[in-house]
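What follows is a pair of complexes built around chain A, which joins chain B in one and chain C in the other.
And now, the complex of A and B:
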């Protein structure tokens, strides 16, 4: 990009980021308990969708089953805190390791399956999850579920309410996870992961170890979803029990929807998607409870037709369009100027209305 | 021993339902190389349409045929307006769109018809046709199987001996080249989806007397149908029927004789899918997928 376009862009983004950060930190102080807890679930869900983004958006392996990994994390925390009196936060590593192993276990056979068939298998797995819960009901509490002990604010937190404490804890984990995943995606490992998505054969020819990266990505993705599930359960202000009805195939579908709504191969897309799937059903069911799902399905379809790269992708397209119109010298052109990314000698799409010198026939 | 045979017969009966929906899935795959996650819900919707006609006094068979015709139009419209703009190559987008159709059609049916279950009339009587001791084979089972095998035969004739069938195979194999030789690719795709939707309607009508017509009619069936199509081969109609029967029988026998699967029959379907995809991905009767590098 030309240096001219870079600085204003960075400045604008920086200001926006600071404002958003302030808002995000202020939320628990402003809203009542229920809303704060809602935002906490948005945070937990966005982490889960981030895990899905890594696998499906960046690595191209479609999973309609991440609700199951989420559920495993949730149930791990619930069982350990309720029946074995663990502290809430100490259950997180257990959930993460368990889900990583499960992800690897799914990722290994997934090496031989791809595309829609993988979607099919993960769909079946997600459908199976609530049935597995009910099958092993002596551990999992079956259909009645398990009550989760309250996640309480510690004494040193200065009199913070439980819901506020949960919010800040989840927010911390979210920020750390998002930064780590962003760094992963921009690293050499990340490039290998993306290369696999864009062309397996080419990647393999270039020396990328397909099996290792695909399985590892599955494992990490599942691990992140498990972390999210574990955190989700700590939101005890509104939700103090786990039961299989919360972790059905619908959840997996919602995660996938959130992923594409936000933008499949983006880091911040999952946040947008999570906001969408938590808040939109609330408002659409106020409009018409029965039609709200019709609207949801319709929105999904419309989005794929109009904005296949999600909202974030759409924003980037607008930005790129603006940059092209702006051109290298900052003048606004009616037609698209040369792509600033093409370098200093690029040709414009259409004649430059700014008046380039015309070649005059030599006067005789 | 009689318990075993009864389970097998029951398995064949449910297997016919899976086979019917699997036929629709196979047809979509055969003509467009896509997996349609919404097939079950579309089938459920057209069964409700058939129910409306029955409610208005039409004989069952006629109602089903009318519903199939309406579904055919519906399927073609869906292909044209929702599937084609996305493009076959964008796998994730297609998955999302078909899931979106799943959600929307299910909710739409709920909004129009309500959530109560209805009783759908049978085409064939649920009376015994043949009896071996304590094992009964009903007219319904034989009749359903007969219909399915007829459909398979008709599809075979369509694909192997008609120009349209050839065009459909060409489009599924290579849309670009088909366009170059003058095949109206768009219309062929619409036809493929239309036929599949009609078959789905038939599947729903065959399933409804047993399962009771409700919003959830096909949801329990969908995964089993996918298992059936996977086992039989996604591009083989005969495979769909054979696969459906095997899945049905396996489901019942596994549930009966293996304690792990008691109350957990879906696990046997998943296991079947996994094993097939890992060991012989093209299924029993399907053709091997070869990719150009």
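And now, the complex of A and C:
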């Protein structure tokens, strides 16, 4: 089908997208401050998980240490705004550059290791972060932490409340980041990144510079996580404090869980994953506070059994199942994508979780 | 090519957002006007109004007070590794039920408590506190557990002038006059450390001491205060070990400390690290005098230690131990045992000092609300900052609650040293109570007080 043709399917999706955009923009007008701040934290976390998706989902390098990059971004912004009176937004480039360098620094030795071993090294990074924070307590406030100055709505924002302002700022950064990453993933660079995940030897034989791309991806992924941490801290309407207990190994594991829940090598999966890890603990607490962690773990396990490829993978299977039932197999199956029974992650469109490199889009 | 994955994502997101909107509800309102506030603020004394910067306050001073209810909110760990502290709430919930059902509430108003779970995570405490104020419309926050957790909320509560009453932590930070709307409850950890130093000075003046503390400001309170307190004495610290909050397994740290053969060890530990450390020490052939944090002493925690591991441990308290026979005929204790059984949850543990502490907190709150000039936030806060030698609930008669506006923001500064006996099954008092009234700021190293 030509890209410009307006099929009924595309029209429906267009409407869905518009409704979704409207809802997302309306959130700060509808919900109370603490809820809006919660959604803002979802946005920040989804950016971090997007960074992780780039590295782990699209490039195949496992990281259980993204909480550390997130924390570096967060503390950079906290320290600069609290102790050096920087404006909040101007700390973002500093956080991003720092995290990029840190990511490259980790990515270089990571060239020699992969899989479980890389996971362990990144785990060490995540474990070290709070300890380093506590050691250099003169700069970082140690275990007491640092109070972050309020991120206030500017005068020209027409009387917007601080929490609403933070939400829109974070949303803007998120949209830009998601678009950029999506474009990256669909470009030649993106194909190289994915090719490395799918088969290093083959990629190298085809002329892909392994070392360069792997290290770059680590750097960019860390940079995105650092941006996310920086933005997270600007959400001061409810939480205006950084302390090392907020940035422990648990956070890194939650990011990984969010990645897998949403759909490991997808662009919008991180948003679903972030929604999950922010809201489900609250709901499970309301169901039964004592068992809330058990419930959370149980839901996670159930999801992994029922939807091993995350929400988006599961939706694809549901859709394919419905279409099969409708009997509109032939033409619609081509449109909907390859039969998931052919392989766990076979995808039709963007260079997403791919089984083999032959399932590539014709147009991009 | 149709971007099918993105379309699925859009549909999924739409569904999820719709779900959340339905479940959470909206309810965004503009903050209420300050007119009622001016009238309410008049009843507060000038000094208090100044200290509480009443003129800058934005929120509603009578939010949460209706003709027949007083809404109170709390946030504490009901799940996770710190869930032991949730037992505190069984104590004050029982007390509130008793007051509501038998005494007709406070001035005819029933106390309505909303308690949210934060899993000891500061970020969730912050969300809970805002939610309690915005969505539940509580009058005040009460007994929020955790130092980091209270730090995460005290700025916002200060700005919105919401009382953060009787925080469930003994950090010396709550003495900060810059956060007038936050008051602590638990005796400061720094006072404990000073008491242990003085005890050693008297009983083992050349003692070699090992320290095992949690690697955060809770543990640091013990380390820094003890170090300062032994200056000029012959007591020496021969080893220091720490453990991470997330990992209460202290076996390797204890092994290192045991190798020094120190005469005494100070355990600046809390929650599950308490029984863990005691078991670890018990497993070596090291037999130091063990001083353990006052937050550990309840049977909930020490009770998890192996038989004999807790025998002889020394700690401090400001509250009566229900198992101690010296209180068998005590009126307050009998009230607790009787009414606690009647009005408490079916599984309330009335022999547990942690529940006794909760009961006492409930009594302290009720007394504060009752004695306040009127039920407005500034007036109640003024009362909380001016508690005049009040022995309530199960506080020891030698440990009254006492605060003085602008001078002494620490309610509990008289501590009783005590020693656990396995044979007796309760803590025996050691010596006379130590009175630090008004001195917490003095004896605490400055680095611990400035936030």
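Keep this in mind: the second predicted complex is superposed on the first by the 313 of 364 C-alpha atoms of A that agree within 3 Å, B and C clash if a C-alpha of one lies under 4 Å from a C-alpha of the other, contacts with A are read in each partner's own complex, and residues count from 1 in each chain.
Everything that follows uses one rule, which is that a contact is a pair of C-beta atoms (placed from the backbone, for glycine too) under 8 Å apart; a residue touches a chain by one contact, two chains touch by 3 or more.
What you see is a predicted model, and the numbers here were worked out from it, not measured in a lab.
**Q** Go through the superposed model and pick first if A:266 touches only chain B, second if only chain C, both, or neither.
**A** second
**Q** Should A:201 be classified as contacting the first partner (chain B), the second (chain C), both, or neither?
**A** The answer is first: A:201 touches chain B but not chain C.
**Q** Counting residues of chain A touched by each partner, does chain B or chain C come out ahead?
**A** Answer, by number of touched residues of chain A: C.
**Q** Answer with first, second, both or neither: which of chain B and chain C does A:312 touch in the superposed model?
**A** second
**Q** First (chain B), second (chain C), both or neither: which does A:290 touch?
**A** In the superposition, A:290 contacts both chain B and chain C.
**Q** Based on the superposed arrangement, let me know which partner A:227 touches: chain B (first), chain C (second), both, or neither?
**A** neither
**Q** Which of the two partners, first being chain B and second being chain C, lies in contact with A:16: first, second, both, or neither?
**A** second
**Q** Which partner does A:43 reach: the first (chain B), the second (chain C), both, or neither?
**A** A:43 contacts neither chain B nor chain C.
**Q** Which partner does A:96 contact after superposing on A: first (chain B), second (chain C), both, neither?
**A** A:96: touches no partner chain.
**Q** Common interface residues of chain A with chain B and chain C?
**A** Shared contact residues on chain A (touching chain B in one complex, chain C in the other): 131, 290-293.
**Q** Which bits of chain C are touching chain A when the two form their complex?
**A** On the chain C side, the touching residues are 1-14, 16-18, 20-21, 23-24, 26-29, 78-80, 83, 86, 116-117, 119, 121-124, 126-127, 130-131, 134-135, 148, 151-152, 155-156, 173, 215-217, 220, 244-246, 451.
**Q** Contact residues on chain B for chain A in the complex?
**A** 34-35, 37, 82, 85-86, 90-97, 99-108, 110-111, 223, 226-227, 230, 263-264, 266-267, 269-270, 273-274, 277-278, 281, 293
**Q** Touching residues of chain A toward chain B in the complex: what are they?
**A** For chain A paired with chain B, touching residues are 56, 62, 64, 109, 112-113, 115-117, 119-121, 123-125, 127-128, 131-132, 135, 201, 253, 256-257, 260, 264, 290-294, 296-301, 303-305, 308.
**Q** Which stretch or stretches of chain A touch chain C in the complex?
**A** Going through chain A, the ones touching chain C are 1, 3, 9-10, 13, 16-17, 19-20, 23-24, 29-38, 41, 130-131, 134, 142-145, 147, 237-241, 243-246, 248-250, 263, 266-269, 271-272, 275, 279, 281-283, 285, 289-293, 311-312, 315-316, 319, 335-337, 347-350, 352, 361-363.
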